[in-house]
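Take a look at these structures.
Shared chain: chain A. Partners: chain B in the first complex, chain C in the second.
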Partner chain A sequence: MGLTCQSCGKALLNDKFNIKLGNHEAFVIALAGNPNVGKSTVFNALTGLKQHTGNWPGKTVTNARGHYTHKDKEFMLVDLPGTYSLLANSVEEQVARDFICFGKPNATVVVVDATCLERNLNLVLQVMELTDHVVLCVNLMDEARRKGISVDLDTLQKSLGIPVVGTTARSGEGLTNLMDEVHDISLGLKITSPKNINYSKDIEEEIKGLVPKLENIFGNTLNPRWVALRLLEGDQTLLDSIHQFLYTEIYSNKDTEVACFYE
Partner chain B sequence: MKNSTLSQDPIPLSNITVGTTVQVLDLKTTGLSRRRMLDLGIVPGTIINVLRKSPLGDPIAYNIRGATIALRKEESSQILVNPI
Partner chain C sequence: MSSQTSNPYEILVDIQNEISNENQCKFRDSMVKSIYTQAEAIAEKVVTKSHTKKYDWDHKLDDILTSKFTGYPIMFFLLGLVFWITVTGANVPSSMLADFLFGIESKLTTLFMSVNTPQWLHGILILGMYRTLGWVISVMLPPMAIFFPLFTLLEDLGYLPRVAFNLDKLFKKAGAHGKQSLTMSMGFGCNAAGIIACRIIDSPRERLIAMLTNNFVPCNGRFPTLIAISTVFVGGAVASHYSTIIASFFVCTLVLLGIFMTLIISWGLSKTLLKGVPSSFTLELPPYRKPQFLKILYHSLIDRTIFVLGRAIVVAAPAGLITWILANVFIEDLSILSHMAAFLQPLAHLIGMDGFILMAFILGLPANEIVLPILIMSYMSEGAMLELDSLQAMGDLFIANGWTWLTALNVMIFSLLHFPCATTLWTIKKECGSSKWTLFAAIMPTLIAFITCFFITQLVHIIR
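What follows is the complex of A and B.
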C-alpha cells in the first residue's frame, strides 16, 4: 500500500477528528494534561484566543483548536480534554488517547500543575509510553512560588528524558521557551529519549513476545510496546479504536493476523 | 512499604471521621474502578485526609495528593486504610 493521502495521518485528522488543516504545512500540536492545570490558559495564551474550553462535550474536537506562528512556522494547537489517565475509563480519556495515538500530532505538550506535580506525573509517563515527541510544560509556577514550592526543572528533564519548560501562562512567563521546544521537537531538531518504564519480569517477557507481531501489523503507525501493554491489560476500547481509525490501513492486507488479536 | 505501621486492622475509608489522616493499605476493587483509583493517585502508601461530608453524608471529600476528590461510599468502602 503506497503512501496515499488516505493512509497518512493528516487525512485521518480530517476524517475522524474533523480537523481541517487549511495549510498542510502546519504542525499539529496536542495539549494534554490533568483537569484544572491551566491547559486552556496555555492554549489561549499561545493562540491569542479566548476559548472557554471547559469540559469536553462528547467527542467534538473542532471547537478547541487554534493557530500560532513561531519562527515562521505555523502550528495548530489542539486542546484535549483534561484527564488523569489515558487508559480510557471515560469518553474524555478516549478522545485524548485516540488523538495522541491516531491523530499523530507532531508534538504533544503535557501541561502539569507545579503545585502538585506528583499526581500529574502519572499522565506524563503514560504519554511518554505512547510517543517520543513530548514536551512537559510545568504550569502555575507563580502559584508554586507563592506556596513556597520550588521545582527543579533540570533534574526533572534529566530523569524524564524529555524537554521541561516552566511557565506561568496567566502572565505569559516561559511561553516563548515552550514555543521554542515545541518548534524543535516538531521539526525533529531535537531528539528526545523518554525514559522507559520497566515492568516486572513476567510482563516484560510477554511484551517481548508480542512486540514483533505487533510491529508486523502496525508498522510505525502505533507504538508496539504500548499496544502490547494494553492488550495484556485487556483493554477493549483500544481494539475498538484501532478498528475505527486504522481499519482501511491494516485490514486490507493483514486481515487474518489482526483477527487473531481480537480473540 | 513499611509493615511496622500496620498495628491496627485495616478499616474501609468510608468509616473514617472527618479531619482524620490515614494511609492506604490496599484496594479491594478490580478492573476499571481499580484502574480509576490508581489514576487518581490512590495506591498503597498514599496519605489521604478526610476533608468534609456532603449534606447527605455521601459522597465525602478527600484530599488526595494535593487535589480534593469526592468519593461515593461505594468506592471509598473498597479502600482499606490505617489511621496514622
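What follows is the complex of A and C.
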C-alpha cells in the first residue's frame, strides 16, 4: 500500500525530525507539556549535561534532546515545544503533534502544573487520544502545597487510565518514580488503558462511519479514531503531515550524515 | 475497495471534502468543548483547595482588570494617572534644572568674553550646542525620571500583560496578530525596541503589519514633546487649578488616537496589501507580584532614563550646532534656515503649521527628541534673544511666532503620526530586509500625518 515499513522508524526519526540515535537500542521518550510548567527543569534534571540542541527540520522551533540511563537501559529524551493543545493552531503545536504521531516515541511524558491542573489536563487528554504510552508527571507539587492545593494522584491515575507521578523537579522529588514508570511503559512491562474522550452523539456517529475506512488505509500506523476526529474538524495540517511523513521517500543516508555533521 | 489502488492521501482529502465547512466548524467547537468539560470534571474530582485569600484575590482582580466593561476605563484612568503624576511632578525639578543650567550659561558667556573668544565660536558652542543640550536635559530628564519608574512599576506588578489581553481582541478584529498588542506596548518605550520585539510574531504577514504600525504609539522621544506642548497650550487654556489634569487627559487622548490609528492601519493593510487570516496564540497571564522598588528605580533610571537621555544628548549636540549655523549664515539678507523654511512654508500652511516647524521635524529625523530644541533654536535666532528657562517661556516664544491652539494641535498630531526616526527605520530595514517596505514605513505614516492635519486645519478654517 505504499506505506513506509515499520522497521524504517529510526530512519524516519533521523531524517524527518533531525534526531540521531547514537545507540539503536535506546528508547525514545517525548516530553510534552504546557509552557511554564517546569518542563525544562524536568528535562535538565533527568539528562544533566548530556544534551544537544538544534532546530526541527524546516522550522524555527528549538529541538532539544538529551540522554539518561536508568536500570541499565538508555533513554533519549526529546523536549517538545511547550503547547496548550495539539490542535495545530501554531507551529509549536504542529511540531509536538507530528513528533508524537509520526515519530512514534516509546513513551510520552506529559508534564503538568499541579497548581492549575484543570487547564493542563486538556493537553493530557489530547495526548492520550494519540498514543497509549503516556506517563503523567504532575510537577510543582511543592508550589501546590504552599498554595494549599492538594492533588489526589491515585484518583487521577484511575480517572485517566495512565501512570501518574507527582514531582518537584527543582528538588528532584519524584524523579526516580518517573524514570521507573517510563522504563516500564517503554519495555512494555506495564500496559496502559487511557480513557477516551466522549464526544457528542453526532461526532461519535461520524467516527463510527470513518474508522473502518481509515483502518483499511493505515493498519496500525496511525490511530484511526484520532485521524477521524481530525478529518471531521477539517484539520488541513494533519493531511499535509501525513503526506510528508508517510508518503514522501526518505532521503539516502548520505544526506542525513551531512545534515548531522552541520548540526 | 477502490482505495487499494488510489493514493491514500487523496482518499483522506476526499473524505475531508465531503464534510461541509459549516459542519467542520461545528464539530471542532463541540470537540473542544468535550475536551474542556472532561478536563474540568476530572480536575474537580482530584483537586482540593484550602481557600487561601491570596489566590481568590488574584482572580477577582483579573476579573475586574480584564472585564469588557471595566477593563478599558481602568486602562485609560491608569494611563492618565501616570501622565498626571509625570506632568505635575516634572514642573518643579524642570525649572530648577533650567535655572541651574542657564545660570552656567551666563557664567560661560562671561568666561568666553574675558578671553576674547570670537563671536561666532561663542555662538556655535554656547548659543548653539550648550543651549540645546540644556533644554533637552531640563525638559526631558524630569519627566523621564518620573514616567519610566511608574511605567516599570505597572510592568512589574503584572498589569501590562492584562493590557495586552484587553487589546488582543481588537487586534484580532483588525486582522493582525494578538501579540501586536505586546510589541505596541514596547513601542511606548522606544519604537526601535518595539520593532525588534516583533520577532515574537511568527507569521511574516502579521510581523510586517506590526512593524509598519509600531510608530503610531509615541515613544519616549516624543512624549516630552507632547507633554510640553500639551501643558502649555491645552493645560494653559483652562484655570490653573485643573491645568495639569486637563493636560494629562489630553496626552492620554493622543495615545488613544495613536492606538486607534494602529488598529485602523493594521486593518487596512490586512485587507489590501497584506491579506490573510490572523493566527491564534495563547497569552498566559502571570501572577501579580510585589514590585521590587529598588530594582525598578535602578532599571528605569540607569537602563532607560540615562540611556535615552544619553542618546538624545549625543544627537542634540551636533543638531544644535548645525541648526545654529543654518540660522546664522546669511545668503543675501535671509539665513539658510529661513530660506529653507520659506520654501516649506506653503506646504506647512496647508496643514496648519509653519515652515520652521516642518523644518524641525525633518532635521529631527535622527531622533525625535530634538524636534522642539531645534524649533526653539530657529525661532530664537530669528527674533530677539530671550531667556528660555521655563515651559511658559517656551509657550510665549511660540505664541510670539504666530502659534494658535490649532498650530499646537497639529504639531502634536503630526508628531504622533509622522515618519519614524532614523534608528527605527534602520531597524525596520534590518528586521524585514526589504528597502521597499522600509520606504513604505517612512512614507505611509507621513502621508497619514499630512492628511489628518490637513483635514483638521481645513475643517477649522471652514467652521471659522
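Just so we're on the same page, the second predicted complex is superposed on the first by the 227 of 263 C-alpha atoms of A that agree within 3 Å, B and C clash if a C-alpha of one lies under 4 Å from a C-alpha of the other, contacts with A are read in each partner's own complex, and residues count from 1 in each chain.
In this section, a residue touches a chain if its C-beta (ideal position, glycine included) is under 8 Å from a C-beta of that chain, and two chains touch if they have at least 3 such contacts.
These figures come from a predicted structure and were not determined experimentally.
Asker: Should chain B and chain C be called a clash or a fit once both complexes are overlaid on chain A?
Answerer: clash
Asker: Which partner, once the models are overlaid, touches more of chain A's residues, chain C or chain B?
Answerer: Of chain B and chain C, C contacts more residues of chain A.
Asker: Could you tell me if A:Thr155 is touching chain B, chain C, both of them or neither one (first, second, both, neither)?
Answerer: The answer is second: A:Thr155 touches chain C but not chain B.
Asker: After superposition on the shared chain, which partner residues are touched by A:Ser193: those of chain B (first), chain C (second), both, or neither?
Answerer: neither
Asker: In the superposed arrangement, does A:His243 touch chain B (first), chain C (second), both or neither?
Answerer: Only chain C is touched by A:His243; chain B is not.
Asker: Have a look at where A:Asn89 lands relative to chain B and chain C in the superposition and call it first, second, both or neither.
Answerer: A:Asn89 sits against chain B and chain C alike.
Asker: Go through the superposed model and pick first if A:Asn220 touches only chain B, second if only chain C, both, or neither.
Answerer: neither
Asker: Can you pull the chain A residues that chain B and chain C both touch?
Answerer: After superposing on chain A, chain A residues 84, 87, 89, 118-119, 122 contact both chain B and chain C.
Asker: Hey, which residues of chain B end up touching chain A in the complex?
Answerer: 32, 35-36, 39-41, 64-67
Asker: Using the touch definition from the top, list the residues of chain A that touch chain C in their complex.
Answerer: 1-2, 35-36, 60, 84, 87, 89-91, 117-119, 121-122, 124-126, 147-153, 155-156, 159-160, 197-200, 202-203, 206, 210, 213, 216-218, 227, 229, 231-234, 236, 239, 242-243, 247
Asker: For a test of understanding, state which residues of chain A touch chain B in their complex under the given definition.
Answerer: 84-85, 87, 89, 115-116, 118-119, 122
Asker: Can you tell me which positions in chain C touch chain A when the two form their complex?
Answerer: The contact residues of chain C facing chain A are 1, 3-4, 7-9, 11-13, 15-16, 19, 21, 23-25, 27-28, 30-32, 34-36, 38-40, 42-52, 55, 202, 279-282, 284.
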